[in-house]
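Per-chain residue numbering starts at 1, and chain names A, B and C are given in the order in which the chains are listed.
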Amino acid sequence: MNKVMSNKWIIILYTFPALLLIAVLIVIPLILSGYFGLMDWDGIGAMEFIGLDNYIAALQDTKFWDSTLHSFLLALFSACSLIGYLAVALILASKIKGASLLRKIYLIPMLLSSVAIAQLWIKVYNPSNGMLNSILLGLGIDNPPAWLADPNIVLYAIFVPIIWQYAGFYILIYYAALKNIPESLIEAAKIDGATPLQIALKIKIPLIMNVFKVTIVLSIVGSLKYFDLIYVMTGGGPNGASEVMASYMYKLAFSSYNFGYGSAIGFLLLIITLIVTVIIRKLTVSKDEIQY
Amino acid sequence: MKMKKAVTFLTVLFASIFLLAACGGEDSGGNGTSSGNTKSIKFMHLWPEGSSAQHHKVVNEIITDFEAENDGITIDLEVLSNEQYKDKIKVLSTSNELPDVGMTWAAGYMEPYVNGNMFAAVDDIIESDLSDSFVPGTAEAFSIDDTAYGLPLELNISTIFYNKAIFDEYSLEEPQTIEELHEIVDTLNENGVNPIALGNRDAWTGSMWYMYLADRFAGEEDVLTQAINREVSFEDPALVQAAQEIQKLVESGSFVQGFNGLADEEAKSMFMGEQAAMYLIATWDLPNFTTNEDVPQEFRDSVGYFKFPTVDGSGDSNSYVGGPGVGLFVSENSDVKEEAKAFASYFVQQWGEKAVTEVGIIPATKVDADSLDLPQMYVDVLNDLNEATNITLYADVQMSASAAQVHLDMIQALFGGDVTPEGFAKTHEDTLSAEE
Amino acid sequence: MRRIGYTLLYVCLGLVAVFQIFPILWLFMFSLKSNQEIFAGNPFALPLEPRWENYLKVFDGGIGTYFWNSIWITALATVLTILVASMATFAITRMKWKLSSLVLGLIMVGLMIPIHSALIPLYNMFLNVNLIDNPLSIVITYVTYNLPITVMILLGFYTTIPREIEEAAIIDGSSIHRLFFRIILPISAPIMSTTVIINMIYNWNEFVFVNTFISSEKYKTLTVGIQNFIGQYMTDWGAIGATLVISVLPIIVAFLFFSNKIMEGITASAVKG
């Protein structure tokens, strides 16, 4: 058994395609981006090696730290919202009537591209004609906020569509995980007189803990490098109030023609994400594997 | 054993990928190939058919004519939308793969390309084929150190467009001074009408307001341009006063609610949906107010425009914020540089008149308005252009790309009340002096 | 009491359902409006006079080629991603070797790279191997960039597969390949369907790589059809809405199909497990 399952050649064969692709298309660009970060380069003319100046400049750049803070806030909110998605998935995976239809409906928004979602939420947030403010005015609330214009609100306003956009993704994963639990375990618990809530907390959730831990990593990493809706809906504005690391990196590299500095920020983004991931793994991964 | 099968499968998979790659290589490399007798010029522009049907059509006509007149030359075309165009040009330039002919913006935008030897000098074309055909100042905007690197295609000035029906309803007149503008704003606000549509998420819109006020406060001198060129400090009183005036306008409720979160497009739609009385924009929007059949006739008939008001009797209403939009560049490293230059020159010559009559924009080349049948608003704008005493090029185009980013952020902060006028000027001064 | 609880639950679920289905309806109405109605009108309102010509414009824009390219690029990239990812996940989680966590770490690094950091190096590399303006560059990039997330999702499930299944198979004299292709892959069908859905959505909606690596019209995908309506100063949002509606339809169909697969697969695996 052990001999078969540790056959070197088979391991190489099975991991080679993945490793080759990742080494060539991800690791090399990554190293290059770290290398460009050592250059004073507008992306067009000659490069000039300036050592760690870009990285030092980044550490002293308040805009970089602000955008880092914003990215971390997004990661925090995204990770917290996972609990809500798990609850929804538990309901959808239970045997209530219409669960199958509800599941399909719930996942539909996830099919839309960011372009569509951005347009929808721009209309939601429009200060004078928007859906949200129309409703608020209808409820008798005068002077509803200008969601995307107010620097104190814009960041949280833009988190809502981002978190909503990924709801389907996580619900789908949890749903599949829950459906993977052998029916016999749940039946046995029912016979013992366990309530649905007890079954969820004591049996289902522990059994999908591995999947849950993976989604924590996915949501935090995804949040830290998030770009799409921010770029389309606010462009990081007003005056940087909704800037995140990836949008700041893009702005520097592509709009400000500061490619060297942008690359350095991109590389720092990766390093930060890496450190956070290692910490999360350390905190969540336990030695004892859950077995049926 | 399935081992064999799997290995074979993988081998075949990767072999076919590399094979396909090799085959794909044959027809790639569109950058100025000259094989045999035919030469192909790679041309990129940013007027997709879907959104800019007229532009697109005229470009295709010019290409067809050029190919007919020049045997053995084909134009290899790629069209992208504005943002994607900018991003792609950026990526292409890092690999020295710019198209033979493409589009560029003036001054600050093109500077890195010129410094990186990416754009060819086009003085020879301007002196021979195109001598005396550009409106003064436009070709200069595409020059660095007295050498031209771009051939301008568009020219725009910005004015305040207003809804005559709304103005009539409240017996308002076109304002001559900023005080009159304030009075109009007050009247409209008292009657629950949004005075001015502004989409400041894009920030260049707010920048136009600031630039105009700076121009008016400065009077004769173009202090803003001088400050950008480091001839005077950005903390010049006129530039601070303009910032103060912006905040006064904001405080008196001149602009629509939440303007800092609105795109220019949303603001424009508010104006065109008669939800706001005024809108400062450049003349590229003229078709919307004149010939565009998609816009209700009733609305088009009710649009007028006035020149930006003067301030305290200071300033010249014939001084404009505006400038050339895009221009053509020829790649310095093109294999078919001569042909590319010939095409660019041909394009500009053909573009001028067609741009006015078919596309409905104002070209950077001189046009004889009298001989053409044009909507009245075009005639008026062309006359204003002739009488213009000064056109200040958009600040974000004048500045280097990174300074422009600071400027745009600061504009949002200024309008949003997050920075004092003095702080606004100081940040600009610090940024600009750091670049010297 | 229990009854009230259920009613309350259904009311909540129903409300969320309305909220979730609204975007599609909204998008459809959006596609029939003019710019004016879209930006200045009431966003809840029905279009004044439905502008079906928005759809006509989209078809005039040559959407057919884009459509076909989107389909085959999405399908090919999805299949390859899942195959490569499943093999790697199998080796990492089920086989015993020292470097497995290192390999997993390397794959996870792939999750973290911001695409705009990679764009310029990638362009340069594809240029050097003559893959620029070749759809293969897109397929390879999609496979690689979706690989980490696919492995991560598969990971959680592969670790829950009972060891007994493998042991039984190996004792029966089955080879590893047989074990992987005939036993592991089929029982992971539900989670594969999940990753298919996710990969499909990502590949279908991607446009940064397409815009950068592809320049010929004949290789462009549907997301580029949207770019066609974005102008220098004017954007035709109604037509963009129409393109979005057209492009979301196939993905809805595919989604419903694979969504049912999740259920089917589970039933099958439940029997075996």
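In this section, contacts are C-beta pairs under 8 Å (C-beta built on N, C-alpha and C of every residue); 3 or more make two chains touch, one makes a residue touch a chain.
Note that the coordinates shown come from a computational prediction; the quantities given were computed from them, not determined experimentally.
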### Query
From the centre of chain A, which chain's CA centre is farthest?
B
#### Entry: Chain pair, most C-beta pairs within the contact cut-off
A-C
### Task
Quick one: report the Å distance separating chain A from chain B, using the average Cα coordinate of each chain.
35
### Summary
The distance between the C-alpha centres of chain A and chain C, rounded to whole Å, is 15
### Query
Which residues of chain C are in contact with two or more other chains?
38-41, 120, 140, 177
### Query
In chain A, which residues are in touch with two or more of the other chains?
10, 17, 43, 126, 129, 254, 259
### Query
Which positions in chain B touch two or more other chains at once?
3, 6, 87, 94, 266, 270, 275
### Task
Under the touch definition given earlier, write down the residues of chain B that touch chain C in their complex.
1-3, 5-6, 17, 20-22, 24-25, 27-30, 46-52, 55, 78, 80-84, 87-88, 91-92, 94-95, 97, 265-266, 268-270, 272-273, 275, 284-285, 288, 294-295, 325-326
### Query
Which part of chain B faces chain A closely enough to touch in the complex?
3, 6-7, 10, 13-14, 86-87, 90, 93-94, 112-113, 115-118, 194, 200-203, 256-263, 266, 270, 275, 400-402, 404-405, 409-410, 412-413, 416, 418-419
### Query
Residues of chain A touching chain C in their complex?
1-2, 4-8, 10-11, 14-15, 17-19, 21-30, 32-33, 36, 43, 88, 91, 96, 100, 102-117, 119-120, 123-124, 126, 129-131, 134, 169, 172-173, 175-177, 179-180, 182-183, 207-208, 210-214, 217-218, 221-222, 224-225, 227, 245-246, 249-250, 253-254, 259, 262-263, 266-267, 269-270, 273-274, 277, 289-292
### Summary
Seen from chain C, its contact residues with chain B in the complex are 34-36, 38-41, 57-58, 61, 119-120, 123-124, 127, 129-134, 136, 140, 175, 177-178, 181, 208, 211-212, 215-216, 227-236, 239
### chain A-touching residues of chain C, taken from the complex the two chains share
6, 9, 13, 16-17, 20-21, 23-24, 26-27, 30, 38-44, 84-85, 87-88, 90-92, 94-97, 103, 106-118, 120-122, 125, 140-141, 143-145, 147-149, 151-153, 155-157, 159-160, 162-163, 166-167, 170-171, 176-177, 180, 190-191, 193-194, 197-198, 201, 204-205, 223, 226, 237, 240-241, 244, 247-248, 251-252, 255-256, 259, 262-263, 266, 269-270, 273
